[in-house]
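Two complexes follow with subunit A in common, the first pairing it with subunit B and the second with subunit C.
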Partner chain A sequence: MEHIIPLFVAISLATAFLISLLGSKFKFFRTAFPVISSAALVILSVLSIFLVNNNGLMVYKMGGWIPPIGICMVLDGLSSFMLLTVNLVAFFIMIYSINYVKKYTDVYKYFGLLFLMLAGMNGVIITGDLFNLFVYLEVAAVSSYALVAFGTGRQELEASFKYMVMGTLASGLILLSIALMYSYTSTLNMADIGKSLANEGSSSVIIFISVMFIVGFGLKAALVPFHWWLPDAHPSAPAPISAMLSGVLIKALGVYAIIRIFYNVIGSNIYTSRILLVLGTLSMIVGVIFAIGQYDFKRLLAYHSISQIGYVILGIGLATPLGILGGLFHLFNHSIFKSLLFLNSGAVEYSTGTRDLKKMGGLNKKMPVTGNTSMIASMSIAGIPPFNGFWSKLLIIIACVEANEYIYGLFAVIGSVLTMASFMKVQKYAFLGKLKEKWKNIEEVPFGMKFSMICLALICVFGGLLLLPEISNLLLKEASNAVLIGKEYVNQVLGSV
Partner chain B sequence: MINNRDSQGMSVIVKTITRLTIGLILLYGVYILLHGHITPGGGFAGGVIIALSFIHIMLAFGKNVALEKLNQTWSKIFESTGALLFITIAFLGFFGGVFFNNFLDKGEHFELFSAGTILLSNIAIFLKVGAGLFLLFVALVLFKIGGRK
Partner chain C sequence: MIYFLCFILFSIGLYSILTKRNLIKIIIGISIVDYAINLFFILVGYRMNGRSPILEKGEEIERIVDPLPQAVVLTSIVIGLAVTALLVAIAIRIYEKYGTFDINEIKELKG
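Showing the complex of A and B:
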């Protein structure tokens, strides 16, 4: 059964190249095939959760070479949780894309790039080698630059260029810190680095490396003050790609890498958690304040991504069991409702051709599915019970209070109120009120797009059930335990080879 | 043989020298590719050198002559096939028990046909890198700048 571990990367890569080889000739390879392939990835992710639950942490030796000499892949609770998040969102986005991308030429390139990005994200999550993490990160990042520019308009190209400059800066910092880490520890295997750091003890090099990792991955995760590329890059992409970028890419490349490196490899200390707390709170408040003034639907959502990532980082930075559980749960919830909101904005753009909230109005009457699912998603992101966003925000705020960090808890509440205000604005301008004369003849979007939106909305409604003890022990507890064991990760990986 | 029928490209001196050296460059690329597992080099270096021989034709004789030798459609097919071949070799490793396992007979040290799947992987990488590099160059050559509005 352990043989499913490399398949996450292999299946998505093979799909990407099959699509690019055959997609221009056969219609099957640009419609049904991506959906089948990503459905297979979802099934494998669910299998991996049960696998971790039965066997604990698993190490896969590529080509039979024993780490640290060979390259290994590591599957633990956190990896399987992230794999499920990424592949579930990707599956719904594939279904949505089939109808949405009809307006573009060279559709097969779109799906090929999307699967390359998926391969990169799955690789980042599953790998146990620091340099491989960088390579997969670049695979995902480079294909996302191309996807942001997929519309090839003036605005798209400018946003893509800006995104590429910032992304390359981040990658450069990450590569530099990996190089320094290699020169300090003489190994690239993450578990072996952890062991070597434990033997050598701390030094100023490690502090320098940590700072560069925080800046590099902070840029990838769009934490304030490294956020300013995101509000340009995410709205310019085609809507399903915005959903993918905001929903999972910034989490897989940014948040996941921060958690893995700072909790399991370097080992958490009071300074890094303090920095994460401050950065998280800043993002939470600054993101939402910028969001409130926006009238471009997708740009507003992009600013909210910054704000919600702040909640995740705040929960992670608390470093208490409840905080990490809440942070990870919010990560899952955010990927669901933010993708849903971006898909809603795509549906509105598909039918009306505009992203300007002031030009919309009363769309609920003509597009009931889009209107109602966006209402559910708005209430989730604003934290209204019983939707999933409420439970994760509640956990984070309770964790703040338990850890005696009342100020951060207060900021979390303020951020939530401001989020609700800005989504009331979205609902009022776009979906409620009187239908404008201009939109008398618009139609609801096709079935594939409706199907993905309804499914994501259902997950929003029933997402709170993940906290039930039986499901939580399987998924969220395993994930937060994988973070909480800290440097015990090193012994578990090296012990199982 | 490359014929010199149109006036595109560089001067006669460059064209003559190119005609003499082009085969040697191609051959050297193939050598680097096939000996990747026993001497420095391999699929990436061999692929780059082989792609350079085609780029050399393009620089000296103009894009039409080069694209007659290897057109974009075939380059695209070679590129995707290379990547798929590499993944297939990795999947075939399951016959040896593990993903990426070197399941073939390793043979004698320093023989040309030794080291199992390494030679096959090098060939796959050569297809991907060679065709990819050539396509990048073609994209740069064919790209036309649109008018500013």
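Showing the complex of A and C:
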């Protein structure tokens, strides 16, 4: 059954190709086809979770070449968990996009680029080869640069250029560290690198490589102090793309790669987890402090992405079973509620044409679906029970206390309170209060947009159920075990061929 | 020695990205950084007086250049081309909108 693994890349690449080829002629290829194709990807990711649960780790050998000579694709608990997150969010964004992108010309190019980005992200998640990871990362990154500039307005272009310069520099650093890694271990297969590192023992070269990886992937994940491109790039993109970038791209390219390389390939040690803890806490606090002062709806959300990624990294950096479980759970939850919030902001922009919170007011009366779903998402991100954000934040804070890292736990609580403050501001300015004269005639958004917002809101409400023992054994436990086995990954991959 | 030159090239590129005020010069800086990294990767696989990595029948494998970095760098050059093309395209659009390449005058977005 390992033959389903390459399908994640193949389906999305084929879809991107077909859309770019036929999208300008036939309407089907720019409306229904993207939705069908991403639905297929969601079904495959659910299937992959059951497969991993039954068979354990699976390896697909590309072209029949046995690793470490050939390139291999690896599916384990962590990969299938990430695949589900990415493809689920992508599915709802496709439904939302059909109505939203009507204001743009060349809609088929939008969907083509979106699927190219999806192919890159799926590729990053399932690959078992370090250089292959770099290639997929660049596929996803280049299409996201183009998508940020899709509106071709003054601000979009400026943000895209800034994003591109930072992104290229990050990719350069990642490539440089891959080159150093190759010169040290003479192989590019991740499992094989892990094996020869275990034989060689540690040296100062490994420390240098680790630092380069942290800077490179930290730039991709927008950790403070590498964060300053994100608040420009994410708000300037079309709203569904912002949801995609903030919801899953920074996680697939940044957080996932950090977890994979530092836990499974290099092997975790006290210094890297210290660095991750400090970076996570910094992002958590600095992001939310910047967010409070913002009056641009999407820019505020972008700063919150930085802050929430800080929580994920904090959980991961604790390196205890509960911390990793909480971090991964928060990663899933954040991708759901942050995409929902960006979709809400897109709906508001669609109806009123503004992103300035001060100009809105009382929109709840005219746009009840948007207002209520954004209320659910706000409470979820602020960590109010019983929404999903509460459970994952609770897990992270408990894990901090268990690991005797009281200071970090305290910062996590402070970050959560500040998050709540800034989202109360959003609700007060945008959705509650008196309806302004100007917005007398606005209408609620079309059905497709409403549908995906309601579905995401439902996941927010019932997300806490993922912690029930039956479901969590299938999904979250499996994912955090894949991280916790550490360098055992090497033996499992090399043993299964 | 040649690794040191590679590092100097990298630093020149980084310097031009960080200090130059012109979009085109920033793009050139990015290309220089790209080339420095590619050159480094090639050097990793190089052996002194090595020959090309083509194995003929009945030949011994000795003093042969490592072929893997060459294949890898080829891919990386193609990626670099795509990124450069996109950067230049965006720079042209920026020039159409703002009428300048100077980044001091292109700052509508602020932290």
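Keep this in mind: the second predicted complex is superposed on the first by the 497 of 497 C-alpha atoms of A that agree within 3 Å, B and C clash if a C-alpha of one lies under 4 Å from a C-alpha of the other, contacts with A are read in each partner's own complex, and residues count from 1 in each chain.
Definition applied: a residue touches a chain if its C-beta (ideal position, glycine included) is under 8 Å from a C-beta of that chain, and two chains touch if they have at least 3 such contacts.
The shown structure was predicted, so the numbers you read here are calculated from the model rather than taken from an experiment.
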Touched partner set for A:Ala10, first subunit B, second subunit C, both or neither: first
Subunit A: partner with more touched residues, subunit B or subunit C: C
Which of subunit B and subunit C A:Thr152 touches, first, second, both or neither: second
First, second, both or neither for A:Met62, with subunit B first and subunit C second: first
Which of subunit B and subunit C A:Ser20 touches, first, second, both or neither: first
Shared contact residues on subunit A - subunit B and subunit C: none
Partner subunit C, residues of subunit A touching it in the complex: 131, 134-135, 138, 142, 145-146, 149, 152-155, 157-162, 164-165, 168-169, 171-172, 175-176, 179, 182-183, 188, 228, 231-232, 236, 290
Subunit C - residues contacting subunit A, complex: 17, 23, 26, 30, 33-34, 37, 40-41, 44, 68-69, 72, 75-76, 79, 82-83, 86-87, 90-91, 93-94, 97-98, 106-109, 111
For the subunit A and subunit B complex, residues of the former touching the latter: 3, 6, 10, 13-14, 17-18, 20-21, 60-64
Residue ranges of subunit B touching subunit A (in the complex, touch as defined): 76-77, 79-81, 83-84, 87, 90-91, 93-94, 96-102
